[in-house]
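Each of the next two complexes has subunit A plus one more chain, namely subunit B in the first and subunit C in the second.
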Partner chain A sequence: MNELILLASFSILGIALVVFAASVVGQRSLVYSALSLGLLGMANAGLFALLGYAFVAVFHLAVYIGAAVIFILFSVTMFREIPDVEVSTKILTVITVPLIALILIYIYLPYLNATFKSQYFIYKEISLLFVTRYWFPLVITGLALVTTLIEGITLARMEVEEDV
Partner chain B sequence: MFNYYAFLILASFVFAIGVYGLLNRRNMLRMLLSAEVIFNSVLLFLLTFSALSSSPSTGGVIALLAIGIAATEVGVIVSLAVLMFRLKDTVDVYEISEQKG
Partner chain C sequence: MMAEDLVIQLINELLVPLFRFLLQPYIFVPLIYPGLLVVIVVIIFILWLERKIAGKVQLRYGPLYVSKRFGGIIQLIADLLRYLFAEVLVPKGADRFIFIFGPVLLFTSALLPLSTIPVGPNYAAITSELSLLISLSLLTIPPMFVLAMSWASNNKFSFIGGLREGYLMMAYEISLFLSILPMVILFKSLSFIEIIEGQTALWGIVLNPLAAIAFFITMLYATSKYPYEIAEADTEVVCGPYTEYSGILYGLSMGYAYIKTYALSLIFALIFLGGWNPILWPASLPPIWFGYSIPSDILLPGLMVFIKALIVMAFSVFLRTVYPRYRIDQAIKIGWHNLFTLSIVSVIISVLIVMLKSVI
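The block that comes next holds the complex of A and B.
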C-alpha cells in the first residue's frame, strides 16, 4: 500500500515535471514560459520531498520559486514579445537531444537495481556541516547574493543615453 | 519494484528537453529559461545520487548552496537582459554579438 502511494506520487510528479519542462521550452509567450518554470520547480520540489530531502524542497520553493522565478516573471512583462527565429541547427538538435537522453539512461544502467528507501535527516547534522566543512561556500553564496542585489539596483538606476 | 533508476530516467528526459531549448533559441531570456530547466534536472540528479551515497546530508548541503547560487545567476542574467533591451532594443543573442563595442 505504502509503495503504491509512493509510485502514484512519483508518476504524477514525474509527468508534471516533463509536461512543464516541455511547456517552458515550447510556449510562444514568455510569460507562460516563466509560469511553467515555476510549476516545474514545484513538481521538482515534490520529487525532492519524495527522496527524503524535505528541507531542500522547502528551500527550493521559498528561494527558487518564491524569488528567482517570480523575478523572471515580473521582468519578462517589461519586454515586448519578440517572434522566435528558428535557427538552422533545428534538425541537428532533434537528433542530438534523444541521443543525450538515451546516453544518460545507458550510463546510469548500473543503478537499475538500487532499491528505494525513505531517508530521515537530522537537521543538526546539516547545520554542523554548514558551520564546519562548508562555511566558506556559505560565505561566498551570501556575498554573491549581496553583490547581485547591488548590481540589480545599479543597473535599474543606470541612465541610458539617447542617440541623437 | 520502485527504485532510484526511475528518478535518473526522469532527470535525463528533463535534461534533454532543456538542451533542446538552449540550442534552438536566440532570445536571451528563453535561453535562460532553458538553462533553468537543465539546472532543475541536475539538482534532481544530485539529490538522487546523494540519497544513494553513504553520506546523504552532504548532498543536501550542496543542493542548498546550488539553489542560492542559481538565484544569484538569475538576478544577474535578467538584469543584463533588461539593460541590453534598453541599450540595443533587442535580446537576440546573435544581434547583440554582431553589435560589438
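The block that comes next holds the complex of A and C.
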C-alpha cells in the first residue's frame, strides 16, 4: 500500500514538474510564467522530500519560492505592457531537443533496471561533521556571507543618505 | 434481533474502519485538528472576538442582536452563510483563471503549515526532525498567490495592495527565520516535539523574551494585523489585494489571513509557551482506540496548545483597537532597522546562554 502511495506521489509530482516546466517557457504572459515557476518549485520540493532530502526541500521552498519566485512575480506584475520579445527559435529547438534527449538517454540508460531507496540523514551528524572536519570552509563561507550582508546594509544606507 | 444485528454489522463494517482511518495522524492533523475543521470554527470565533473586543474598547456592543444570549456569535455564522451563497462577480478586464483559482490555491496553501503541527508528544502527522523549519517554509508559499491575485483583479487598489504585501514580506521574512533561531540554539533541535520536551522546566519565553517579542512582531507583519495592517488598509486601498473579490472567493481570501494568524499562534505556543507543558497526566488514559489514548495523546495536549494559541490570537487581534496603522515606508524601515536587529540580538543572547550553560 505504502509503495503504491509512493509511486502515485512520484508520478503526480513528476507529471506536474514536466507540465509546469513547459508552462514556464510556453506561457505568453510573464505573470503566468512566474506563477508556473513557483508551482514548479513546489513540485520539485515535493520530489526532494520524497527522495529523503527534506533539508533540500525546505530550502527549496524558503529560498526558491519564498524569496526568488516572489521577487520575480513582484517585478513582472509591475509591467503594465508586457514587452513583445518573440524570437523565432524553431530551428534551435529542432536541434537542441533531440541532442538533450540523446544525452539524457546516454546518462540514464545504464540505470534503467537499477532500484533506488530513499535516503534519510541525521542532520545533527552532518552539522557535527561540518563543525569538526570541514570547519575551515565553513568559517570562510560564514565570513563571505557576513561580508555580503555588510555590503548590502552599507549600500542600503548610502541610498538613504543620497535621498536626504 | 435482526435490527440489532444490522446495527452491529453497520458499526463493525462502516464506523470502525472510518474511525480507524480518521484517527491516523496524517488524516486527523490536516483535516480535523489543527487542520480544516478546527480552522473553520477558529475563523468564526476569532472574527467574533475581534469585533467584540473592538466594541468593548470603543464603548460599543459589537455583534449582539443575532442570539443576544450568546453575545451575538451566531451573527458570524450568518455572515459565513452570506459569503457562501453571495454571487461571485468577475470584473471586466480581469484575468479570469487566476482571479477564480487564486483564492482557492491561497486558502489551500495556507492550510499546509498546519499539517506539521504536532497534537501531542506521540501524535503528529510529520515526525521529521525539521518540522519547525518545514512549517515556516510552507508559510512562504501563499504570498505568491496574493501577488498573482492582485495582478489578476485589474484594479489599481488591488495592485497597490499586492505590492504592499510583497514589500512587507521582504521586510519580515528574514526576521521570521531569525527569530526562531534562538530557540533552535537553546534546545539544539529543529523538531517541535524536541523543543517542547526541552521546555519542561522553563518555557522559551522566559529563557529568551527578546526572541518571543521578535517572533510576535513578525507574526503581526506576516498576518497584516495592526499596526501593520498595510496591505488591506481600508481607508487607503479599499481592501488591498481582495478589493474586487466577492462571495465565497472573498471569504476564502479573508480566511487566509486568519489561518496564517492561527498557524503562527500555534507555532508561538509550541516554541515559546511550552507547548503541552506544564500539565502532567498519566501516559495513557482510557479510552484507547486503535493504539492511541484519546485523552493522553490527543485531547489534553491538543487542548493545552489550542488554549495557549487562542490567547496569543486574542492578543494579536486586540492590538487593532489600541494601535494606529504604520505607513508602508515606516513598516519597512522598522522591519529592517529594528526587527532585524532585535532578532540578531536575541540570537546572540541564546548563544551566550548556551555558552554559560557549558561553562557552569
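Just so it is clear, the second predicted complex is superposed on the first by the 116 of 164 C-alpha atoms of A that agree within 3 Å, B and C clash if a C-alpha of one lies under 4 Å from a C-alpha of the other, contacts with A are read in each partner's own complex, and residues count from 1 in each chain.
Methods note: contacts are C-beta pairs under 8 Å (C-beta built on N, C-alpha and C of every residue); 3 or more make two chains touch, one makes a residue touch a chain.
Remember, predicted model here, so these are calculated numbers, not experimental data.
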item: Touching partner for A:18 - first (subunit B), second (subunit C), both, neither; value: first
item: Partner chain(s) touched by A:65 [first = subunit B, second = subunit C, both, neither]; value: second
item: Which superposed partner A:73 touches (first subunit B, second subunit C, both, neither); value: second
item: Touching partner for A:31 - first (subunit B), second (subunit C), both, neither; value: second
item: First, second, both or neither for A:151, with subunit B first and subunit C second; value: first
item: Partner, of subunit C and subunit B, that touches more residues belonging to subunit A; value: B
item: Partner chain in contact with A:55 - subunit B first, subunit C second, else both or neither; value: both
item: Common interface positions of subunit A, toward subunit B and toward subunit C; value: 55, 59, 67, 69, 71, 78, 122, 156
item: List of subunit B residues in touch with subunit A within their complex; value: 1-21, 23-27, 29-30, 32-34, 36-37, 40-41, 43-44, 47-48, 51-52, 56-65, 67-72, 74-76, 78-83, 85-87, 90-92
item: Subunit C - residues contacting subunit A, complex; value: 95, 98, 128-130, 133-134, 136-138, 140-141, 143-144, 147-148, 150-152, 159, 162-163, 166, 169-170, 173, 177, 188, 190, 336
item: Subunit C-touching residues of subunit A, taken from the complex the two chains share; value: 31-32, 35, 38, 42, 54-55, 58-59, 61-62, 65-67, 69-71, 73-74, 77-78, 122-124, 156
item: Footprint of subunit B on subunit A - complex, ascending; value: 3, 6-7, 10, 14, 17-18, 21-22, 24-25, 30, 33-34, 37, 40-41, 44, 47-48, 51-53, 55-56, 59-60, 63-64, 67-69, 71-72, 75-76, 78-79, 82, 84-87, 89-90, 92-94, 96-98, 100-101, 104-105, 108, 111-116, 119, 121-122, 125-126, 129-130, 134, 137-138, 141, 144-145, 147-149, 151-152, 155-156, 158, 160
